[in-house]
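Shared between the two complexes below is chain A, which pairs with chain B and chain C, respectively.
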Partner chain A sequence: MIQKRPLPYLLILPCLILLAGLYGYPILLTMWQSFNHVNFLADTTTFVGLKNYGNVFSDPTFWQTMAITCKYTVLTVVLKMVFGFGVGYLLHTEIYFKKILGVLILIPWAIPQVAAGTIWQWILNSNYGYANYFLLKLHLISQPIAFLARPETAFYSVSLVDTWMGIPLLAMLFVAALDAIPKNIYEAAALDGAGAWRQFFAITIPSIKRVLLVVLTLVTIWTFNSFNVIYVLTQGGPMRATETLSIRIYQEAFSRFNLGISSTLTMIAVLILLGLTAVYTLGGKAHAHQAR
Partner chain B sequence: MKKFLKVLVSMLIVGAIVALSGCSSKSGDAAKSSSQRQTLQMLVPGYDAGYLKAPVNAAIKKYERANPDVKIKVVSVGWDELNSKIVKLYQAGQSPDILMVGSRSLRQFAEAGVLEDLTPYMTKKYEQNRIQSVMATGQIDNKQYGIPLSLSSRALFYRSDLIDHAPANWDELLQTAKTVSEKNRMYGFAIPTDITSGTDELLNFIYQGDGQIVNQQGKFVLDSPQNIEALTYLKKFKGIIPDPVDTARGDQVKLFKNGDLAMFISGGWEKEELDKGAKKTPYKVAELPAGKQKAVTLVTDSYTVSAKSKHKKAAFKFIQFLGQADQQRAISKAYNWLPVTKAEQTDARFQTPFMQPFVSILNDGISEPKVPNWDTFNKSFTIAVQKTLTGAQTPTEALKTAQQEVQK
Partner chain C sequence: MPTKHGKGLRTGLLLIFICLSLFPVLVLLNTSLQTYQQIISWPPQWFQKLQLGNYRQVIFGSKSIVRPFLNSLAVALPTMVICVIVGILAAYAVTRFKFIGRKLFLVLVICTQMFSSVILINAMYLIFKQSQLLDTRLALIIANTASALPMTVWLLYSYFSQIPVIYEEAAWIDGCSRWQATRHILLPLSLPGIITAGLFAFITAWGDIVYANALITSPALRTLPQALTDFRDLYKTTWETQMAASMITIIPPLLIFIAIQKHLIRGLNRQAGQM
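For the complex of A and B:
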């Protein structure tokens, strides 16, 4: 609703200025730097137009990074959504030790990401890691697996650890959404003869569709921007197998000190994420209209 | 009740005013005394987790006692984040006055204008007290940007109960590794390729094979025939080394102590750990096996002064103090580093059977390459070696890719 009186706008003005400063300034600065060659140390900038974008797009390793980022995001988001929903659904149903399980499930989320990453690094170590120790003891493998030292295994290992860290929050969000569905709808459906699957697809999923969309949007953005877990576990290696866009942005800025290229990559990431968010938002609105 | 509240409120107000005025006068005093004392900040990598804390703290205490007008504040940072921390602090205008850096990064920081040229501060007397070849590792284009604080070379550690004679050349190293590995079902040797410290160990082989990273003209020559040959040699260790990608330099001593590794190459700082396990895994130290020639990578770290420092003279004075025999000996001893001053050269510490192999090879030492950007070179080179050792690419393909990357 649009207010005709000026006072409310005046009251929120300080907040708007603060927001513009906190969000607007860094975004505009990054955008400006993406059109400049920035000497990080000498603190000088030279306007180069679209040269940074040209350099990025003509670099074959950029496309390799984009492919890794997309593959990583899709895989990890699917895993997070499936397991997050599974755990959430389990905690929503009537099971023994529900409250204790609810607390236990939060542990991965409560551990700081860097600490959790370091613990997983130990677990997955090929010489003395627990994972190899137990797999060898159980005779499931005959040779230790170099989980974090081979491109393929490292990629999937990092994705799984990221999933492990992401499940708790998602599970909690899904529990809240599932608990909010009125029980009498299920009772009515049961009276009408609807089975468990029918109830799940005809009542549960449509009732939490909006939450699913919001969670999917957020998880996609978080996973696309995953940094801590990848940096601690592999630093983008081995042999660039886990070098996602966020890792590359960091390394361009703080290893190669190339802030212009780093800002260019950041802008590309922002545009991709804005596009994704727009698709989800429009999708959600269309769904809301349909529902009416 | 109202009266009581009034009294209470006024008491609180008076109390608060008194307390605040007390604080302000105290903070005023503090400000006064701190403005009289000059504070120097020093960036020390590995301060919290390594052996430098004790000797650095002792030196600071001694200096502050002798110079009550100076206060030294340590800024701690991990070795892994050292360069990025320097950049962040410099960019934010908060660069510490004294920065300890790996000498391999001097070119990058000197060319970017981060470091003060210390050549005008040099005096004949000061230079006479220091070993010239070591001082040269702190120079860029004949200008003294760094004052080396540490020097390390490498030696071969081997299981003395399993190996009779230390291998003297590449062929013997490979053969010994194979034999000991087959006989004892353990790893014969290790080739760490971690990004933090693996490169220095790999450079030994490059130099021993008569290879280079940059040529006389300062151009990269990563894909030279000599370097390809060195990597081809390293490939022959397949099956008798722990996974090269998953093994960091620091992991070697753990594998050795656990009886899983028979030989490895590293520096003098491994002594403490090796001695702890010497009963179960007795060891000896030998000079590095020679390839086409005898060679070892010489690694130094240097004190530098920030170009933005407002106390450059005072900073250099403190660096001079740290380089005096007493302080320098304690710092060198912390990691079993080699002498950087002439006074240390005759110390009994360097005559022991443990230290001899590190000292005797010094004449064949070659410095780390002074590349324009160490991190970029380091990453590309390490990946090339990893691709070679895991069979993902041939040495030629891997080194050609690395050469293209570093030339960009």
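For the complex of A and C:
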């Protein structure tokens, strides 16, 4: 029954006003800024049309940022998905101390990202850090590495820390999806003589295909948005090796005081996020139809 | 379906993973209980000659984090209250009424969740600058409400929709008003969900560094995440006190997370399964 009364609209009104004021207006304002040259310090704004976009697209460092963002997102998402699924699968199976292990798994997720960043900075410290100590002791390296001071190692370190924080949530999402598969399907398959591997690929994977896809999209969005870890660990350095789009948006505005460019980059990020969100909502729907 | 076969092996595998993933937490605890001389010794010492001096210093000393701690509370608590009140109203509307635009509203809530604070930071800075709210707690509360509101609404929506409307309908038949039925039936039944959503909003605001760094300049208003980065000095980072401060920062969200994880994961799952 469709309600004609105004009550539901009145109830969502505060939320709508807040969302419009806190998302709608800021994004429109950012769009407007992206057509302007803004000087933070002199406090002047001049309309320049599409010049910011032209500048951004013809700037080789922009493409470098996009390449880093892409590489970072793909690598980190793959790591998160693989480990998240692995841990989730183990937690779903019959194991000892299931409850306690399930809670212990969550701890990295519960740590505020800024605090996690400071801890890892200490672990990866080049002089006294624990990472160097153990790698030296295991004879994996011959001398201490300044993990966060070298472009290559900094990039992989940040991705690894991001993965470390992301695994728990994914594992829990996968556990729930795996637990929801009716047990009698497995029993029937076992009676028909299907082995463990056969069951895994013929039942488990198809049953959670939709969840896998949705989680993949969500994780891609979350990782694309990663800011806190990178900011605390490297601030985008060394030599811009970890400067993803999110970091660059912030640095352009608050270190280089170039709000116009920063807004332009923000609009590019918004378009990418809208694209991913469309995949997420439409993809989910298409599969829902299929399921019916 | 995996059988009992290999139960020990799987537990072992998981234990190895857990040990690796909790290693940073052990380092944190260990370092926070040592002196500077100890932490720069090689090889690293594990839980020897423990002392609470670092904690004393970050609480009573020159780099006291009591003030930032209270500042973070003063931002996170109002954010939580705003999000929960606004969220309950919206969640009630979308779960108890069918109206035109309902689906659209839910899609809007999902979409806004995908935008991080970095996307909004430029505009927020300008808006607060124009309204003379830069460097105020109010600005942080408003900005953090933006970060936390969409997920709070979603969690409440997913919880409310699990509670059958029949209970309330029965109360209406018995002569209760809509408000009475909500107050005496829906709200008590959904209390765990409301607590989860509120605590989620709290944690979101508690962990924010993007808005705090951009909007707050005066030392008196600095939040806990900002204070954590203050231990980095040009010449010497006092890791041991920084770790003690990190430990104090971690404890509230850690306890909250463990308490609410079940509901939080259920809400997120609904998002993965619903749309």
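Here is the rule we go by: the second predicted complex is superposed on the first by the 255 of 292 C-alpha atoms of A that agree within 3 Å, B and C clash if a C-alpha of one lies under 4 Å from a C-alpha of the other, contacts with A are read in each partner's own complex, and residues count from 1 in each chain.
One rule holds for everything that comes next: contacts are C-beta pairs under 8 Å (C-beta built on N, C-alpha and C of every residue); 3 or more make two chains touch, one makes a residue touch a chain.
Everything quoted here is computed from the prediction, not taken from an experiment.
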Inset, instruction - Answer with first, second, both or neither: which of chain B and chain C does A:Gln64 touch in the superposed model? - result: neither
Legend entry - Partner chain(s) touched by A:Ser207 [first = chain B, second = chain C, both, neither]: neither
Legend entry - First (chain B), second (chain C), both or neither touched by A:Asn127: both
Inset, instruction - Check whether A:Thr153 is in contact with chain B, with chain C, with both or with neither, and answer first, second, both or neither. - result: neither
Inset, instruction - Tell me which partner A:Gln235 touches in the superposition: chain B (first), chain C (second), both or neither. - result: first
Inset, instruction - Check the contacts made with chain A and report whether chain B or chain C touches more of its residues. - result: C
Inset, instruction - Applying the touch criterion given at the start, work out whether A:Ala196 contacts chain B, chain C, both or neither, answering first, second, both or neither. - result: second
Inset, instruction - Please work out whether A:Phe254 is in contact with chain B alone, chain C alone, both, or neither, and reply first, second, both or neither. - result: both
Inset, instruction - Considering only the touch criterion stated at the top, classify A:Ala42 as touching first (chain B), second (chain C), both, or neither. - result: first
Legend entry - chain A residues contacted in one complex by chain B, in the other by chain C: 125, 127-128, 254
Legend entry - Complex contacts: residues of chain A adjacent to chain B: 39-43, 125-128, 146, 148-151, 235, 237-240, 251, 254-257
Legend entry - Residues of chain A that touch chain C when the two form their complex: 1-3, 7-9, 11-12, 14-16, 18-19, 22-23, 25-27, 29-30, 33, 83, 86-87, 90-91, 93-97, 101, 103-116, 118-120, 122-123, 125, 127-128, 130, 133, 137, 164, 167, 169, 172-173, 176-177, 183, 186-187, 190, 196, 199, 210-211, 214-215, 218, 221, 225, 227-228, 231-232, 246, 249-250, 253-254, 259, 262-263, 266, 269-270, 273-274, 276-277, 280-281, 284-285
Inset, instruction - Provide the residue numbers of chain B that touch chain A in the complex, in ascending order. - result: 83-84, 87-88, 90-91, 109, 112-114, 195, 242-243, 245-247, 251, 254-255, 260, 373, 375-376, 379, 383, 386-387, 390, 392
Legend entry - Residues of chain C defined as touching chain A within the complex: 1-4, 7-8, 10-11, 13-15, 17-18, 21-25, 27-28, 31, 39-40, 42-44, 85-87, 89-90, 92-94, 96-102, 105, 107-112, 114-127, 142-143, 145-146, 149-150, 153, 203, 206-207, 209-210, 213-214, 225, 228-229, 231, 239, 242-243, 246, 249-250, 253-254, 256-258, 261, 265-266, 268-269, 271-275
